[in-house]
Each structure stands twice: as C-alpha cells, then as structure tokens.
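Have a look at the structure below, then the notes.
So that you can tell them apart, the chains are marked A, B, C, D and E in the order they are listed, and the count of residues begins at 1 in each.
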C-alpha cells in the first residue's frame, strides 16, 4: 500500500520546484553526494543537471511535460546510493536517475536499476569493464582518456613513467591499462605507488620520485589528495622542468582548490574544458555562471552531467514515451551538440562517443588545450580494440 | 495504583509493543519502506550488543563497524559466489585472480556462511580483546584504539581490493539461498527473519543482564579494580562480552547485507561506528530496549530528514545528537521513566547515566 | 619447616610471611626490607606514622603494587609475587581499602552478592543462580553490618560511614583466611567503633586479621599484637603495653600526649 | 558570622537535611556531631556552596550567600577541608598549597612558614605529587591548603580521620592556636572523637536523621549515648 | 646518507604536523577529558580563516603586501577558532564535564553542524590558498633540499609548544587550569572560578587547532571535510604519548611521524599506516597508558 502523502512530500520540498500533481509532469531522480567527502565534487554536477532540466523545461519540457527533479543525497556512502536509487525508482517512480560519481556509488546502484528495470545516467570518467543495459555512461571510458593521454605523453614528454594513484579501483585498473600500454611501447615504469584515500602527506612519495627520476608522473589520485600532492611537490622544488604530471581527475574545480600557482604547466586529459572553443560551450558556461555565480567554473564531469540530461530528453522524445525499454532502444545513435563537441550514444555498450583533449594548466586556473583527437572517439570500455589490453579484460 | 499506561511503559511491555508494531507494519507501508525498516532492525540488533558492552560494562567501542562489516562481508562473499557466472567474481578477474581464495571458498556453503558471519567476528574479537584487556588498556585508551582499528581495517580492505572489491565493496547479488532477491516475497521473508533475530537476541541479552553475570558487568563498569580485588578476573568477563557483542554485530551485518545488497568499506568506517554508539545514547544506554528504539527511530529520522531536506539534514542530525546528549543524558528511555513516574509509580530507580565517569576509581 | 625468627611460630603456623620486602617508587623506598609475619587466627595491628608504608604493604600483599625485592609467602608455600590480584583473593586474602570502595550503582544487596565466596570464573558466573542459602548468608551479613534497611538502596547514596561498613561486609562475604583492613573505623562514632571491634574479635575465630589503624584507644582495646612501621621499616613489635613504652614509638608516632594534655590543663 | 536557617537539602529529590538552623559566632569553635549518615557532610557542603539547598538560607558575615557559588564564598573567607581530602592528585604539594591562596584577595604567592611548622612533612615532600601521598599525608595537606588562605571561617569535616596520633594532637593544637591568635576566626568542626571535640569546641550541635536534636555549650554523656550510639 | 637525512627530515616533518594538529587536543582532551570530535572542524575553521584573510588581502590591499597576509592569518585563525571554541564550550561542553564519552557524542554532532555550515558558506569544493612567496623553495643542506614550508611548520610547532608549556606549567593561570581539570568542585571551593577557567581552557585548545588549520593550508586541502582526515591521527598522538602529558604528546607525535615515514618507505602508504597502527597496539600492550603515564597511585 503506497502512501501518497509521502510521495508528494518528497517531491514538493525538493529543489524548490512547485509541483502540480497530475499527469503533465515527469519525475526525474538526481542522486549525488551532497554531504560527506564526495560532496565537493558532486554538488557541481548536480547543479549542471538541474541547469539542463531547467533549460529543457523552459523549452517546453519533454513530450510536452515539465521535468520535476527529485533530489536525493547519496551521502558519499554506496549503500545510501543503493537505498536512494531504490527509493527513487520504487517510491517516486522516476523516469530516470542522473547520478553517481565514484565507481563504488555506480556499482551500488547497478543492481538496483537492473532489478527495477530503471535507467541511470552516470556522468564521470571511470575504469571501464562494465556495460549494464540499464546504465548510460556519459563519462570517458579508458580509451577516451587514459590511453590517448599515455600515447601523447610517450610522444611528447618522455618514456619514464611514475604511476601514482589513490588506493582504490579506478587507479588500480587505470594503471594496469597503462602498464600494458607502456610495455607494448617499450617504455619504462620507474615506480608505482598508491596512497590511501584522503592521504595528505606526500613527503615519502616525493622522496621516491626524486630517487626514481621519472619524466612523467601519471596521476590518478582522488580529489583531496591532489591538493596535498601538488602543493608538496612544488614545495620540494620539483617543477615542470624536471617532469610533467598528467592527471585524469583534476579539472577546473579541483584546480581552484589546489591553487593554480603550483599546477601551472602540468597536464590533464579530459573530454572538455571550460575553455573548449565551441559555440555550445560559450552558451553553457555563460548560463552556468549566470545560474550559480560568476565565481563558479565548469569542468568535464559538470559538462557530462549537463549533456546527459539532454541526451536522455532527446531519447525520450525519439521514443515518444519514458518507458525504459523504449528509451533505451531509441537512445542508440542519439546525438547532441555538447559543450565539449558533438557526442553520440554508442549502441554496443551505451557509452558515449567523445572527443579526447589534453590540456595544459595555465596561471589563471584554466586549461590551454595542447592536443585533441579531432573527432569523437568510439567508447571501448573493455578495450577490445587493443591487443595489448587482452590480459586485462580477459574473462 | 498502577495505571494501564504506566504499565505499558514497563520495559518488557514496551518491547512487546514494539515487536507487535514491527510485525504488522509491513501490511501498511510500501515494500520499499519495509525493506528500509528491515535494515534498521539489523541495526537494532547490533546496538543490543553495543549496549551490553557500553551501557552495562562501560566499555565504549568505536570499532563495531569492523564486526558488523565482517558479518556483512562474509554473507556478501557467499551471495556473490551464489550469483557469479564465472569461476570468480568480476573484480577478481580484473585483478588477475582466477581462482577463488580459500577464505572465499569456505563460505560458498550457506550454512558455513551463516555460522561464519557470527563466529568469525566473535573469534577475531576474542583474540583482539584478550590482548587488549589483559594488559588493562581501558577507558579512552581502549576507545581511541578501537577507532584506530577501524581505520586500519578499512585501509586494509581497500588496499586488498583483489580479494575484497576495494572501495566498490561487494555487490550485484541476484539470489539468496536460491530465492530471487528482487522478489518482494523474499524481501518480506528477510524482514521477518530480522524481526525474529531481534526477538531472540533481545531475550537472550535480557536474561543475561538480569542475572548475576549482569551485575558483574555493572560492577566492572563502576569499579573494575574493586571487582578484581573481590576475586574476579575482570578481563575475561570483558573478553566474553566483547566477543558476544561482536557476534551480535556480525549477525546484524549479515542481515543488513541480505537486505541492502551491498557492503562497502564506507559502511563500516569510523563515522558509521560512531553513529552506532549514538543510537545507543539516544535510546538510553543500559536499558537494552532503549537502544533498540533509538536505532530504529534515529535511522528513520535520518532517512526522513535526508530525503526531505537533502541540503539541511546534517544540521538536524547534529542538533539532535547535541540536544539529546546534553538535555537527555539518559536517552529516550529516561523520558519514558519520567512519564512513568508521573504515571503514579514513585519507585526510586537507578540511573546509570548520571554517574560521573571518573577515570580513577577508588582503588585504581 | 622454614627458618623463621618469629617466636609465634611455635604456637601456630604462619599464614603470611614477608621477608626483606621492599617496594620502591622511582628512587623512593616506601617499604624497605620489611620483615613481618602473622600466624593463623591472630588479630594483628599494624600502626605507624602517616607515610610509614602500611597501606603500601597491604597493596603489596594483595597484588596492587609490585614489590621490587624480597618475598611474600602465603600459607607457607604460595609465593604471592607470581599471582594476579584476583588469584590472590581466591587464595583467601581479603582487603578493605582506606577510602571506601564499593560498586556505587548496584544495591547494597548486590554488592554483597558479588563479593560472596563462590566460583568467580566467567562461565560459572554466567550460569550461576541465586540460592536460598546465598540469600540467607547475605541477609545475615546485612544485619551484622547494620544495613538491613538499606538492602535495596543504591550504594552510592550511603554516607561515608555506611560505605565503610558495606565494604567490610563485602570483604567478609569473601570468607577470607586473611583479612586486611585499612583504617576500618575512620569516620565512625565511638559506639560504632566498639561494635566494629567486637566484630573483629568474632571474625578472628574464622581468619587472621591485619588492621591498620591510627586510633590508639581502639588499638589498645582490641590488639593482641602490634607491629609498628616507620619509614618503610620495622620499628618494633609486641603487645600494646610493650609498644607504648617504646621511646622511639612515642617520639615518632604516639606523641607525649599525656604530658601535653596536662600542660594545657593549667 | 555564619548562620543557617531552616535549611532543607535533598539529593535527587530525597531530603536528607530538614529544618536545620545553626549559628557559628565569630571566634568560636562549633562542633557538629552525629552518627554516620545523619547529614553532617551535607551541611558542610551546603555551607560551602557545593550543594544548593531546597529551602532555607545560608548567611555569612551578615550577607546572604544562599545563591552564591562556592568560589564566591571561598573568596569571602570560608575555608573548607572536605571529608575525603580532595587533593589535586597531579599537582605537587607545593602547587596544592599555592592553590589555597586563590581565595585571598592579595595575589602574593607566599606560603606562611607557620604552615610548615604545623605540618613539617609538607615541606619535606614539597615536590611530590599530591596523589602519591599516603592517606594521612593527604589529610594534612588538605588542612594546610585551607589554612594558607587564612580564612575567617573554617569548615573542618572530620579533619583527624586517618592521621597519626601525635599529629592529631598537633591539629588540636593548631585549632587552639587559631582560637588564641586569630580571635575572629570561627571554626565549624565535624568530629567523631568525643575527646577531641570536647577539648576544642565552645559549642555543640548533635544531629540525628537530618535534624539538630541537641545543642549546647556542654556535651553531656547521657546526650551522647542517646544520640550517638548505634 | 642523503637518504638518511631525507628520511629523518620527513619523519620529523610529519611528526611536527601531527604535533600541531594534536596540540589543541592535548588540552581539550588531555587536560579537560573532553573527547572533542569537533577538533577536526576547529582545524577546518583555522584553515578557512586563513583563506578569508588571504582573499581580503588579495582584494583590498596592494599586491606587494600580499605575502604578509600569512603573518596576520595565524593569530586571526587562533582568535576565530578560540571564539568558536568558546561558543561550543558555552553551549555544549559545559554540560558534559565528567562525562567524557558523552562529550564524544555531542561534539560529533557539533562537528556535523560545523561541517555543514562551512559547506553552506564556502561551498562543498575545496578552496585554494596560495602560500606566501617567502616560503617557496627550500634550504640546501648537504645536497638535499629542505622545503621552507616544512621548516616553517617545525618552527611554528616548537614556538607553539613552548608557549603552551610555559603557560600551563609556569604560570598561575596554568596552575588554576590544571587544578580545575583535576577536581572542578574542590577548585571552586578554593575560590577558583571554574566556569571562567573552563571557558578559557577550551578556547585555548580550540585556538591551537586554529593555528594548526592555518599551517595546514600550506600543505593540504581546505574543504568542509578536512577535519575528518586529521581527527583520528590527533587522538592517536595524544593517547600514545599519554593522556594529560604535554611532553607525551610531543613524543607521541615524533614517534608516530618517524615510524610512519620509515614504514611507508619500506612498504607503501597503505601498509605503512597498517604497520604503524599495529605497532601502536603492541606498544600499548607494553605501556597501556601511553609513553608518559600520569597514573599515580589513586587516592586510597
């Protein structure tokens, strides 16, 4: 027996959107960590998703209906993500969930969306090795971020790699890929180090860096540790003259928390930067700043959060219904002119074609793009297109 | 003269009332809510053990997340073996492990998983606590140490991800002992199993605390050294009660994972471990029933606030903790006692919570 | 038999024997080469100035303080150095502390129940039940220590003196062979002292007793044998009459009370 | 000097002191006697301000202090030697004594030599921590700590408990000495020893079950046996 | 040889940071017996204060003066954290003296509130603080570079420690503080206003947390949850050193810092942490109440 009052309460208080009960709205779930350690990254993504929802509503909604976001807090805890996903699907009966950041949160939601035949759009680059029929992956697969970055580094920066990551799934798996790739290319792995999540003392790591003298550090540290690492690296007097750090989890938002002064000259690999020069982006950045303040910055996961809402909306329009199976089918091949360049949903694995971009950090905290893939790269979460990776994806 | 309402506030009647409510509630709320309630019941089981340890024996553990986690992980390992398609779970494949490690294999049998989920925490707790208590590490030293233990354990779990699933935890189960996890009937069944476990654990612990053994626990809390000079080897009592509470935590973890479908390190870390203690405090330590109510109410409130006010719920939660601890040191149960006293019964009762927790007892 | 200097040995076997016992805190010797022995069934008073080491000696016997040198033998054969506190209690040594120490949140009855002689290992306690004979024993003790009315009162609400009584009761419930009381009558009225003294004489039939006390009237009245400690060492021992005549004892401990009183009376 | 009127004190709702009125005249030594648990210490604590009475008033040098806290009363000149000593265990003897000076208005940190004359052991062990002292040494320290502030009213709760006989007589001397040399200092003494009480006190109160049952300048044997026997 | 110097320096450097984060706790927890779970959030307050001071300098003062912000930030961080500490004492802690474990729970709640407040004011993402220019670079000693920032923190912690030790053990107010913490009631009976002393003591402890926060901006992240990174370490330092002993806190911090560095170097960061904790447990087996134990014979 469903209690209707409860449902109304849930939606009514969320995000300040007044709901007129009835058939002419579509409820969508927005599930990110608003508290706990992941809040610092995820709140901005939520903001971008809400922005997209507003835009769609302003343009007349989806199928003529307004979208009503139901916002939930995943509290940086995977079981909470799983609980709230179940709540959104069972209780609020949302048409789709936009949410998650860490792989742990995605893995927690995965069985829930599968069992309830729901839809999840996930906005963050991740380690691959997954393709659930109920999830659309708007972030980069490894071949859209890591692999091209390593190729570029080998060509431009040197062959002595130091792999540094936080001790969890994404860095471990990313580094396996990198190691295979290095071996394939005859490059050298000088050291591989992991630090616990939230680690803040990098003295010892820096000593190791000094000893092993890499030309490249491939950095898969998680948010907060990046701050400590880069500050301490700079204090130790190690500059871009000595080596280059390539990061895959440092975007504009993180740069502000680290301080551009210590990052200048280091690199990152993403599919989007605030400085990416497309007409869609100029508008997106302007709208985002207008909505949330001039001092805010955009970044890759923010952009992914933004465009994936639009992708879903287009898929619903194409399907003519919010029914999950119909939307899933209709989504294949859907394209959208995202701020980071055109994106397209892949039919094989429900990931997204994206342009790969390598950027150098500037003194103002923005990126200067030094390379891009030209066209959108096909996602390959299992790295099936790379022989050298066969040992990793082997079942 | 004792009025009916006063009688209802007796602890045992309170418990009976609670159980009746828990038994019939699923007929009135959605499956989703029932499932949530089932999780809270798992927590309620856990806090009974914590209350034995803290409320009665005065040993504050901020490390029960570990034992909860052990039970949960063992059951999760079993469920994930039940559901896996290949020879090993996915995450092992990525880490280049092709054969099930022995400590996984032994839990592939459901019976051994259930026994393991309870016994492994007990055994580990008894070994650990034997060394800690034997050397008279106590009070805040013990408490801080347990907190550090949590940190180490989660760090270990995360860093040994090829065996443990790392930060992702273990998830993705489809069946449980052959029943489909997504079926509402299975979920209801698990709910009632949880209620049943709550009853059994509660009764056993009630009998325990009302026996001479229970008095010994209180004596340890209030004057451990004095008790030693009365001929008791208090450290062994503490080892026993610590292990028992760890076993209960393991059981709770097992029930939790069956209903939630995931266990990951964040669930057993420092903050969840502290929250468990808060449930005890909010309900009223040293009363058994209080913590049970505290766990269910606090978690319901937490869910309610965080669903309704995702941006503000931490303020609520923080304030509730502060206010309860300051103004209601005996927890919700002291409120019940107050009402009861007004209800006509002027019995003088002990309130263990207003005692001063001086670190030096008279003979220390 | 052991080669012991003590003369009492001829009459009764020794229950506690200390041999060149020393207890040290840092560089400070609270007890230094202290020889002491007490035979079965004796009521023995241990006196001496504040800081002489009396409490420390009791601490050493009951295992609270580790001693650095010397030996402590119980019943002639048991070396107390090797035992933990609770094992020492199980051997039959009971101790009342100088400041009353009881379980404040248990009732008076429960306090006595826990102290009662019984199997105190974990598992037996887990399955033990209250027997009618236990109850009777506790009730008897309650009337003996005058706390019958407070039977179900939480112990922390007792007054200082009542706590003292309760603790004496608790130690007696252990049915020890050697009872050690540290200033048992402190804070008691004279009548109460009297009663305590009679209690001691009664208990003496069951066990040996060491009493530390500063109240000389009390000592005079009840002591069989008195040992005087000073600076952690044995000053002298003997009957109260002998002690009272000892110059050193008068100087460091008793004071020249009589003369002073006379002087002031002028 | 000190005046209690119609005092009623309770612990957690259970009354232990009922309708107690008591006066201590300046320069007098007043002795409060009674069996264990009749409420002597409770009265002392209420005078000091550690406990708040339910009813009644406490006045001190013509000022009503019922609502004032303990530190106010201490600074007004009430000194307190509690039963159970209450030494600061981690502070040295010397520091314990210096703390006694806090109640005084002038901030000079100097211990009157006389204190050391009364209790020589405190000088010997000046730097030992209070908690390491023997019971009797602590009791001496507690008395000394109260004396250093030169209080005008001294509350002594069983000051001789646990003290060796010759020092007991010294304390007796100290009290007499105070009576002689500080004629305005009054003392309220709780004491079990009949002889001791008789030798120093000018006035007696005897309590039973939370009430004053006898008062007078002399303590008659029959009264004693009536109220003080078990 | 170089390796040795670097290792030793890294150990001392980590130890100095641990000491800095634990110094305030040595007061609020060590002396006052308040298990202050909001200590990490007080550190956070110090860090955000530094950030605000920096922003103000950047906006309103000429660029040449920018580097001076840091000198002002440290005392301001102390004062702001101390004031908030006072507020916490006044509203929460004062109800909880003598109930250490309750204080743990209540301050945990306070921590949540402070975290959420910071999130509301400064946003969830980290904010950046630029280290002052004169702390850039390092000192060359025998072929190794010792970063000025690390040297500065070591200096800061030495000064903080000496000030605190002098205040607590050599001044009259320090004596009052210690007396009140040991026996509140009796101190009051001697004319010490324990309310005032409690308030001030907690404020001082909080203020030192603020200083730690200011220092941490030089080397770590500044966000609403940074307190959680440091809180367990801070408690471990105090406990290993011995609760209530300031000197113990120093020993605990250096010990943990050095062993952590060595173990991390031998193995890796995760295992290093595990090994340090294993060592701590072993150590407490041997000394159950820390390196410098306060355990005196209790009153009997």
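One rule holds for everything that comes next: a contact is a pair of C-beta atoms (placed from the backbone, for glycine too) under 8 Å apart; a residue touches a chain by one contact, two chains touch by 3 or more.
Model, not experiment: these values are computed from the prediction.
Student: Indicate the lowest number of steps between chain A and chain C, counting one step per move to a touching chain.
Tutor: Contact-graph shortest path, chain A to chain C, evaluates to 2.
Student: What chains touch chain C and also chain E?
Tutor: The shared contacts of chain C and chain E, listed by label, come to B, D.
Student: Using only Cα atoms to place each chain's centre, name the chain farthest from chain C.
Tutor: A
Student: Does B-C or A-E have more contacting C-beta pairs?
Tutor: A-E
Student: Which chain has its C-alpha centroid at the greatest distance from the C-alpha centroid of chain B?
Tutor: Taking each chain's C-alpha mean as its centre, the farthest from chain B is D.
Student: If you average the CA atoms of chain D and of chain E, how far apart do the two points sit, in angstrom?
Tutor: 43
Student: Suppose each chain is reduced to the average of its Cα coordinates; what separation in Å results between chain A and chain D?
Tutor: Between these chains, centre-to-centre, one finds 74 Å.
Student: Using CA atom averages as chain centres, what separation in Å is found between chain A and chain B?
Tutor: Chain centroid spacing, chain A to chain B, equals 36 Å.
Student: Between chain C and chain D, what distance separates the C-alpha centroids? Give it in angstrom.
Tutor: Using C-alpha averages as centres, the distance is 29 Å.
Student: If I count partner chains per residue in chain D, which residues reach a count of at least 2?
Tutor: Touching at least two other chains: 14, 84, 89, 132, 135.
Student: If I count partner chains per residue in chain E, which residues reach a count of at least 2?
Tutor: Residues 115-116, 228, 270, 273, 297-300 of chain E each touch two or more of the other chains.
Student: Among all residues of chain C, which ones touch two or more of the remaining chains?
Tutor: In chain C, the residues touching two or more other chains are 55, 97-99.
Student: Quick one: which bits of chain C touch chain D in the complex? Just the residue numbers, please.
Tutor: Per the stated touch rule, the residues are 25, 48-52, 54-56, 98-99, 146, 157-162, 164-165, 183, 186-192, 195, 214-216, 252-255, 257, 260-261, 264.
Student: Chain A touches which residues of chain E in the complex?
Tutor: 3, 6-7, 10, 13-14, 17, 115-116, 119, 123-131, 135-138, 145, 147-150, 218-226, 228-229, 260-261, 264-265, 268-270, 272-273
Student: Residue numbers of chain B touching chain C in their complex, please.
Tutor: 208, 211-213, 215-216, 218-219, 221-223, 225-234, 236-237, 240, 348, 350, 352, 355, 361-363
Student: For the complex, which residues does chain B have touching chain E?
Tutor: By the definition above, chain B touches chain E via 54, 60, 131-132, 135-138, 140-141, 143-145, 147-149, 151-152, 155-156, 158-159, 270-271, 274, 277-278, 281, 312, 314-315, 317-322, 325-327, 329, 356-364.
Student: Give the list of chain E residues in touch with chain B in this complex.
Tutor: Within the complex, chain E touches chain B at residues 29, 33, 35, 37, 92, 95-96, 98-102, 104-106, 108-113, 115-116, 228, 232, 235-236, 239, 243, 270-271, 273-274, 277-278, 280-281, 284-286, 288-290, 298-300.
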